[in-house]
């Protein structure tokens, strides 16, 4: 059952009201403007044993995403395409409020938001991931681990996912006459085929003020968030209202406009950082 | 399965509806005996039962909050409600939707009235033909009202889709499966807020804006039906007294 | 571990003793006689996506049962027969005392009582459910959900199960030369082959009085129950003493006689209601 | 496997027993050191260990009852006790039998003596050759007595079967597997009540009546052995003192 | 998560300090000397339905181990060899502190210690357990159940395991032309092929005194234990420091010498008892 | 895969190290923001993150002890840290190692300082190339120190192996997989005690004695690096102040 969360670590009331009153003046405790995104750092290929990986720092939020390619069966309705599985875990290292154990509803929601954005935009060219068409295909496992939590986990995870996918390469496979498949991970044939790029942009709302990329303190005062997946060609590739409150029609349209603008600049940043790494 | 034609040459949909037309909608309130409140809501062949227990004490005392009631919500599909039999193990989809539906209801429930209690909302999808989460919001909202929980407004939902390039209201399973986008929306009309919004698919800014307006219009029609169902319920109670 | 249950919602002591003292005079709070069964209503085919279904109201108890036919492997010892799986869940909608989660011992016991009655009497003609003999057969999944709980869940579930099975039809299947099976649910070939009919009849005992079809209040004062599966040819197709107390040999024989009589009349009612629906 | 002939021409069973004959039955009481009470019961090759802890306090305080002890019971099969290796995950059969066995014991335990405590009964099937649940009732009953729990009577059990059309007492695995009916029965002989009764199979009223009488007769024989085993135990304790 | 255990049944402080002060004088409450192992009794073939079994009493500790042979697939890296699975459960019959449920970390550790000792020494000749090389092999399941707990569960389990393996025989199998395998458990072809024998010897440390085969009271005062697997040719076939404390290098070497001596005598005892049974 | 040659003719190992040579070792302390203490430790390509929360109150009050803090520890591998993707379900290996690592840390933590609290140690294996449990002990020990938990000593670990008949220090994955023995060891050097000792493989008494000495020597080198990393951390904190 999903239940109203108790605030994990309660932001003291005084601090909370200060944050809100400053937000109403357009000022954030970190000195950022309402529409300023925190700095993004990417360490591409951070994990040797992954087929692709990226460690992302978004301010003090740290996420590592890794891709593993495994040989599996295709879905019955797409026999000639690869398959995708996205998981996320909030590690107990990231916050004293995170318990070890299977993903909770927040981690599941995060994984599914990212999964949908990749799937709907066809970010990965699945048609190139069949090994024996109709029988054996690459299954792309994306695992996302939040290591340090200072807010906006969805965007940080979405950036780490994009980074990991762009870092992924296909190992060489040999299929013998009896259909046995041998994977040789020491030889890399080509990068994972990518059609499009996507990131999410999270717009938070507190006391009728909209602002992007909330940190942990700001999340504790936000009534709700709109998470907007944005493609490199500036389309909306997914939406999720997340959190207790509501949004007016005009707030939604404002948030969309903010996201479309911010999203494409993040995609550019990620692309150039990975190219130069 | 091959994709069928979803918009026919006459502009009508595969089941004969116009793009902005709802399916037949039925609602009955107060149909269970042991729950504090209940409702059965049908959007076409989608059939959703919601029951509310509470406000009540619960053994999981660590969940309780000092200044308000905790809302707990479970969205659950009966195994035979779907085309393929659904395994009884909760899916990640069910877990996500339980959260999304709870968050759609939170803004209207005046939970401060009952601190240190739980209000439990159980949603059973009896038959799934598209739009189950939005029908669930409507049913849950009616069950909460039937339980006498104080509320600022009813929340009602409906899904908009893009099929064969056309934006259509209240999509069914076939339109969901073969369409290009599915956008469930729930609103609290008197409060003027959207409390559930998801998009599964890709839309331009303009398409989105149009889709949102289509959803709001459809939800307002459902809102009228929901208020009527509640009125019927109260009438019936009064008559029974 | 099974443990002595605490009474979920305690029937107040005064009410309980009133119920018992009236039972001893042969009177029930509902006005029924000791051997009167509550009225049974059946909505056959209630669930469109099921291959067969029935919603049953037994007084204020509401149960929905559905049948799904899936293609699977036969059991190794009956390679040319279909297979049967019966599950039951007590939904939290049915009672404030029911928690969501996997079936507890009561739901498991209920499902197994019904499963055994179907299996031992060979209610479904499993020999007609092979698709590719020895390899692929129909697996008949019966899922039972208790939606509203006013006592005697086993009988209500057993009636709903019989109703759902009588409502079930086999979809058309095509087997191609490579052994692939295509199911076409839009075309229905024939009803599920039924050999016999069975229902359970529950006889409760409180303070040495026997009575049929207890409602929830009556269950709370009953020491024990004997659940008797009765076939359409008036044989005993299963038994289960359920609950804390004991029964004398003569009470058992009385209960059997009650059940054999009541059971056949219920089967007739169900059959005629379904025929006329 | 093909069904073997279960009743031979001379009217005897596959293992040479007469229809109304028990297997060799062995019982030892008080064989474990750390349990409050224990017993090992064998019906032929069926071998069952029961241990009792309590009455005792337990961390699961929400289970406790104000006016009596809670009885908790687990029926569990060791993985190698069956023909095919049993997976360690509890089966639905084990869960049902834990309940049925607990309910067979409840009528004789004077649980009012120890309110707000638990009496825990753990049953381990070491080797399964038919009749495990009834041997389990007998073993549990002896272990409760060994633990000094006040009881109105011992409960003892035995299964009756119908094989090749003949009603037979104390069926083994082969008779269970290839027979037409299996009816486990447990009784508290001094109280004159049946506390466990199940039937897996189809019987006419007359067959049932005869089967029940056969079971009662067999159970009475086992009751004598059980009382003897308890006497031996007390003698041994007294001698050791 | 693993956590510092609370002592299940606390040995009263006075008793504990008596045990320790006696140990320092080389005396044990049971009258044993520091290097005296308790008497070992073995009932070989205790469980009829197992393919091999042994019930072991080590003082008041009772363990039953059973072997089941099932047909399964080989591991990909050893296609022509059988496979081994070792499980252990601490039954609630054994101690009021043992809860029913899946194995806890102590039972898992025990099973893995025994698994490693068997595997590393190649106790079972796995190369003789292929049925259809590369496809179907015998999987040797060893299940260990602790029935009564008076200390030193690892050694008792290790002895029971050795006893069960020595009691195991291979059933006859027939492979037909289509690769179907029929197992005939009523005919036994040959004993399970055993290369070597191994047992563990546990040396405990309390207040700087080392002693073997601790009973339950002694375990409650011991700071730590060193569990040493010893082969019949007096080699070290595995080690595990278990428990909270530490050991000096010289204590470790002493413990090793104790174990090598004790272990070979236990293996002899077990072998002769099984031969004579 | 076929076994590669692990010791070359010149006596060096497959990666060019001498038998008694460590891999490049890197440690950074205090790298996480929300944990009480943290450390990242790398032995070659083995990469381990440890975080400590506490001493703190926990909801699981039944675990707390009246005279000391409870130490809780989880060793966990990220799914992509291994050659084959690791399933998210905790393995028996992870459960065992969580215990073994906790027991390696217990002797140095002065847990009496914080009765009725928990000190939680979370270890994440980011990349596994052999020696993960010993690197984990080192990382956990640094994270505990970073959290300001009073300790009698640091615990540091290293694994020794036997490969192609030669005893070698700080084995990597390939040496572990194709070697004859793997012996992880952790020590508290100032206390002069071994707090973790396992052996997976078969050794003679003499081989073991030599292997243990090799491990102690290696661990002492790592101890120096660990103390240096802590000093750097304190310097940094002081400078930042």
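Letters A, B, C, D, E and F mark the chains as written, and numbering starts fresh at 1 in each.
FYI, a contact is a pair of C-beta atoms (placed from the backbone, for glycine too) under 8 Å apart; a residue touches a chain by one contact, two chains touch by 3 or more.
Predicted model only: the values in this text are computed from it and were never measured.
Engineer: By label order, what chains touch subunit C and subunit D together?
Structural biologist: none
Engineer: What chains touch subunit A and also subunit C?
Structural biologist: B
Engineer: Where centres are the averaged C-alpha coordinates, which chain has the largest centre distance to subunit F?
Structural biologist: Relative to subunit F, the chain with the farthest C-alpha centre is C.
Engineer: For the pairs B-C and E-F, output the one whose chains share more C-beta pairs in contact.
Structural biologist: E-F
Engineer: Approximately how many whole Å separate the CA-defined centres of subunit C and subunit F?
Structural biologist: 57
Engineer: Between subunit A and subunit F, what's the gap in Å when you average each chain's C-alpha atoms?
Structural biologist: Between these chains, centre-to-centre, one finds 31 Å.
Engineer: Distance between subunit D and subunit F based on Cα centroids, please, to the nearest Å.
Structural biologist: 51
Engineer: Where in subunit F do residues touch at least two different other chains?
Structural biologist: 74, 120
Engineer: Mind pulling the subunit E residues that touch 2 or more other chains?
Structural biologist: In subunit E, the residues touching two or more other chains are 1, 100.
Engineer: Is the chain-to-chain touch network here best called a line, a ring, a star, complete, or other?
Structural biologist: Shape = ring; chains linked end to end, path closes on itself.
Engineer: Round the ring, starting at subunit E and heading to subunit F first, what is the chain order?
Structural biologist: E, F, A, B, C, D
Engineer: If we count contacts the way the header does, which residues on subunit C are in touch with subunit B in the complex?
Structural biologist: 46-51, 53, 60, 62, 64, 66-68, 70, 87, 89, 91-96, 100, 102, 141, 143, 145, 147-150, 185
Engineer: Could you list, by residue number, the parts of subunit C that touch subunit D in their complex?
Structural biologist: 1-4, 6, 77, 105-106, 108-109, 111-112, 116, 120-121, 224, 226, 231, 235-249, 252-253, 256-257, 260
Engineer: Quick one: in the complex, what on subunit D touches subunit C?
Structural biologist: 1, 63, 65, 68-74, 92-93, 95-96, 98-103, 106-107, 111, 118, 120, 181, 183, 188, 191-205, 208-209, 212-213, 216
Engineer: Give every residue of subunit D touching subunit E within the complex, in rising order.
Structural biologist: My answer: residues 32-36, 38, 45, 47, 49-51, 53, 56, 74, 76, 78-85, 88, 120, 122, 124, 126-129.
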